[in-house]
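The structure that follows is given in the form of structure tokens.
Chain naming follows the written order as A, B and C, and within any one chain the residues start at number 1.
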Amino acid sequence: MKILLRAGESRWLAPAAVLGAVVLTLLLTAGPIRLAGANPVAAYQRYTINPLTTPGGIGDVLLAATPLLFTGLAVAVAFRVGYFNIGAEGQFLAGAIAATIPGLYLPGLPAVLALPLAAASGALGGLIWGFLPAFLKRRAHIDEVVTTLLLNPVALLLVQGLLNGPWRNSETGFPDSDRYGAGYTLPTLAEGSRVHWGFVIGLALVVVVFVVMSFTPLGLRLRAAGQSPGAARFSGIRVTTLQFRSALVSGALAGLGGAVQVLGVQHQLTASISNGYGYTGVVVATLGALTAGGVLLVSLLLGDIAVGAQNASIALQLPTQMGAIVSSTLLLAVVALLAARRYRVVLRRPFVRRRSTAERKDA
Amino acid sequence: MDFPLLAVLAATLTIATPLVWAALGALINERAGILNLGIEGTMYAGAFVGFLTAVTTGNPYLGLGTAVVAGLAAGALMGLLTVTLGVNQHVAGIGTTLLLVAACDFTNRLLFATGTQQAAASFERWFPGLGVLAQYPMTFVAFLVLAPVLWWVLRSTGFGLRLHAVGENPEAADAAGIPVARTRYAALMLGSALMAVGGSFLTLSLLGSFTLDIVSGRGWICIALVIFGRWKVWPVVAGALLFGFTDALQLQLAITPMFSGVPNELLIAFPYLVVIAALAVWGRKVRYPGAYLTPYRRA
Amino acid sequence: MGPLAELRGITKTFGAVVANDSIDLRVLPGEVLALLGENGAGKSTLTRILYGLSQADSGSILVDGTEIRMHGPADAMAAGIGMVTQEFSLVDTMTVTENLMLAGSGLGRVNRSAAKTKVLEAAARIGVAIEPDAVVGTLSVGERQRVEIVKALFHDCRLLILDEPTAVLVPQDVAVLFESIRRLTADGMGVIFISHKLHEVVEIADRVSILRRGRIVADVPAEGLVPAQIAAMMVGSADRVTEPEAGSAADTVEAEALATAVGLEVPGAGVEQPVAQVSRSGVLDIDRITLAGTGKPLLDEVSLTVHAGEIVGVAGVSGNGQTELVSVLCGMTPASSGAVRVDGADITRLDVTKRLRAGLGRLTEDRRGSVVLNLSVEQNLVLEDLDRFRTGPFTSRRRIKEHVAGLMERFDIRAKPGDPIRSLSGGNMQKVLLARAIAREPKALVASQPTRGLDVGACEYVYSQLRALRERGAGVLVISEDLDELLGLCDRIVVMVSGRIVGEVLAAGTSREELGLLMTGMTAGAGAHS
């Protein structure tokens, strides 16, 4: 099982497959767009180009891309070593909850203390939420896919429970938490923009992951362990340990993403804080070929589409869910066509090879 | 405190019903070697499509039928991705779930933009006066028809043997002349149809209407139940009943004054935690199907 | 009585290699035909053709005098031909009956009790007891083999091909198998029996056909044959290195190359010297290593010492514990008991990294499983020594580049450092592995099938590197199925049979025949030598 979208035997085939997938996605989504009474070409223009034509629009794209950077990186880091963490959603929520604790109970802290504390708390929250599946996987070989998935609804219920219970808004009585102390606001990057420093933190983490993966012994070991666990073990790499640690790092990254989202955007905990960012992280990581640079690019693309979808829902009466349809169709089209490309090659190759190795014994 | 045992038992059966349908669907998939994480989306699609048809036609049976068709289509999509193309099953499944959920929400928004809750024609409970037996038709079908028939099919028919063989050792199945890809497609489509029926139970029987996030992780529960039940029909049904019981219990506790201080959501989370705990206790050393997650290519 | 099956002029080539060279073969009803030959003589190719798994370039197959066109095993089964190979195709989690019902049952209801009766009948026919409701995974290897034979009988098979059926069996199971074969042939069935164990051949066969280099070189009644005669026929009466058979250009080239590669460089004096100094402690000391298996142990108290400046060979028919021995030495499988020492240090419980640090070098038969196929040549070359190229937390690209450039030049690796290693030829990949292992200057090198699948030039290169390592004072353990290779390369050769070392000889003082006899498990009179 190979999840990596690596360049194949011939260099043009993979880009061609991706291009084909984009075209296929456009064709497939044109139907529902028409059904909704909109012009597909106008819709695609809104989804992709329009948000980038104004500074405000670009700001919105960066803002929308920010949580995806974190969850995308989280998923990529885990998938890279063959640990299928599909619980970034729950870890993101756990991070948001954990960041809320100091925000509500230590409201007076100055920003220099408050922000690092809340961020660290969020990362720790995500790590804790990711710990149980990682531990069960390592100790009892329990499939991490199921346990990470199951903890997602639990995290959402925990958020809702807290908001309906102890953290119910003391002024309005709505199921939102109170606003955090003043020190807990991640500053925006520029006056009048909503883009906050969380995006910069995400960028920095992209760079860190890139550097670790590309320039350290650890990075090479992680790649070896994910691509070929047997051979990695043969070369003395401790695959299970690496998977366990990556699982924790993955949880911490997603948790930090949740913290950044509450500190930078909402300034309070709300039930709709995640908006499926954790699941979208799987899309981001996969389309980004599990690389840091790829995660950055795909986050921006999906951020663009998300902003465009908001935009189109107002201008074209096209429900915002169209954005999710486009991104999930794109995911399936890309993996399908990349597999199809491999398939065509693989179809002949192993046949000949299997036969000849089996018979070479005798030849 | 007098504990309303019969009410809890009745609720247990009702709550377990969609899980029995969907988990047995997942069981069929996994017996054939495919982990179908599209289950959550397939249940969602079954719930929505069934509801939509019932609203339009006023006939819940037609709703059930279209839910089945939606399930078959979802299964065929998973088949194309995982069987024909050999895409990573985790990614294919999550992608399918995301796509189906987005497509249903999109359509829902398009058709019912005003946000008024539509009530659909839905199934009535049979034997309304008979306590525990006052259940929806699909509950009776699940426990009295689906589970025993599936048990028999897996055990005593050529189809059951073929499923087992392609999921366990596709090379041996191929050597015995069994069409591996076709069998896996059949498993995926049949299993996904059951998942969709499970989803449609939520709209066509339980609620009579559709709300966003109506499945809320029940699909993932089913995946866990299949592992918990070690790919066997009756243990999976027992797992569904266990979940149903804990869920019914929390519903009961929620209206019990003693627990009025505990946030409802924490009680709702309880059955999920029970399933994880059950996995942690009984899920170790499980033997997965031999060809789990593995596409098959003839050498 | 006409032949049950007949092969006429079967020829099959792979590239320049002629695997089967116009082979004629007949099997009579009620006859056990033993098909013999060394590894690579063409037996498997021939049986695969007969079972439809592979198509001949030319020639024909006749069953009951009618020519059959084979497109796949289904045609063979329809013609009444069955085959049982060493790799069983059974579903472990199903019962015996279920496995047998798989083929030929439709989608509908299966008649379990009828199938059960059929199983019992078939079992009775071959004279064994089979529990129809037993789950296959719980059965012993011998029992599974019986299930495979019963499966063949389910298809009304009249010619049964048994490919090395005894290689995996314990002696008691062999006796049962032979009894079954006798019952079947008494019924008029024909059996093609492939084995390396010559005493078994003498016991069961009615006729013996011997393949050498793709041709039938003998087809004689088994009556009165003794193993030594058969062994002589199998390897040829004279050493093939000095007397290549005429007619095949490829043979001649290969033989000459082998002569230069292994024959001419053997230093006569250097051979016996290391063995003489037995008192010196070994650089690789294998001390009563045992590896438990299901049933009989896979390795049974294997003890072996490789001294500094010595190459020791392990000979044996494949599947006699060599793979397991390599796996235990390389740190991939923990031994059940016993100890392994490298240069006096106990490495039995150490992980791979610590073993490498202790001075162990590894070259396994599974080359593609020893490298990470998606990484580059450069990355694979340094994968086991990453900490040596570290500056602070970072890898030093410069030092890696220098190191890799040096290795690639020294080991003549014909690729660019950035090339994905999967694109390399077998020979080049082996050079990478050799470079990775030897660059660390190991005190002891374990090399399994070091030249399998390589061309002549690459073979020669591997030999020269292993010799150079020996000259530098390291000990080398070579595990190989190629007797010429072992004879040309090693100072001493031990022979493994059924997970045990059954004999030890000096390479200079032995012959292919003697090794061959040892490998067939006939220890009498041969092993006492050292």
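Here is the rule we use: a residue touches a chain if its C-beta (ideal position, glycine included) is under 8 Å from a C-beta of that chain, and two chains touch if they have at least 3 such contacts.
Values in this document were obtained by computation on a predicted structure and should not be read as measured data.
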Requested in this report: Find the chain most remote from chain A, comparing centres computed as mean CA coordinates.
Outcome: C
Query raised in the report: By count of C-beta pairs in contact, what is the leading chain pair?
Result: A-B
Report task. Calculate how many whole Å lie between the centre of chain A and the centre of chain B, each centre taken as the average of the chain's C-alpha atoms. Result -> 27
Report summary line: chain A and chain C have mean C-alpha positions lying a whole-number Å distance apart equal to 48
Query - Of all residues in chain B, the ones touching two or more other chains - result: none
Query raised in the report: What are the residues of chain A that contact at least two other chains?
Result: 355
Query raised in the report: If you look only at chain C, which of its residues touch chain B in the complex?
Result: 73-74, 89-94, 98-99, 101-110, 112
Report summary line: Listed in rising order, the residues of chain C that touch chain A in the complex are 14, 17, 19, 39-45, 48, 54, 330-332, 351-353, 355-356, 364, 369-375, 379, 383-384, 386-387, 389-390, 393-395, 397, 453
Query - Of chain B, residues touching chain A in the complex - result: 35, 37, 77, 80-81, 85-92, 94-99, 101-103, 105-106, 109-110, 113, 216-217, 220-221, 223-224, 227, 263-266, 268-269, 272-273, 275-276, 279-280, 283-285, 288, 293-294, 297-299
Query - Partner chain B, residues of chain A touching it in the complex - result: 1-3, 32, 35-36, 84, 86, 132, 136, 140-143, 145-147, 149-154, 157-158, 160-162, 164-165, 276, 279-280, 282-283, 286, 319-322, 324-325, 327-329, 331-332, 335-336, 339-340, 342-343, 346-347, 350-351, 354-355
Report summary line: In their shared complex, chain C is touched by residues of chain B numbered 156-159, 161-162, 164-165, 168-169, 171-173, 175-178, 287, 290
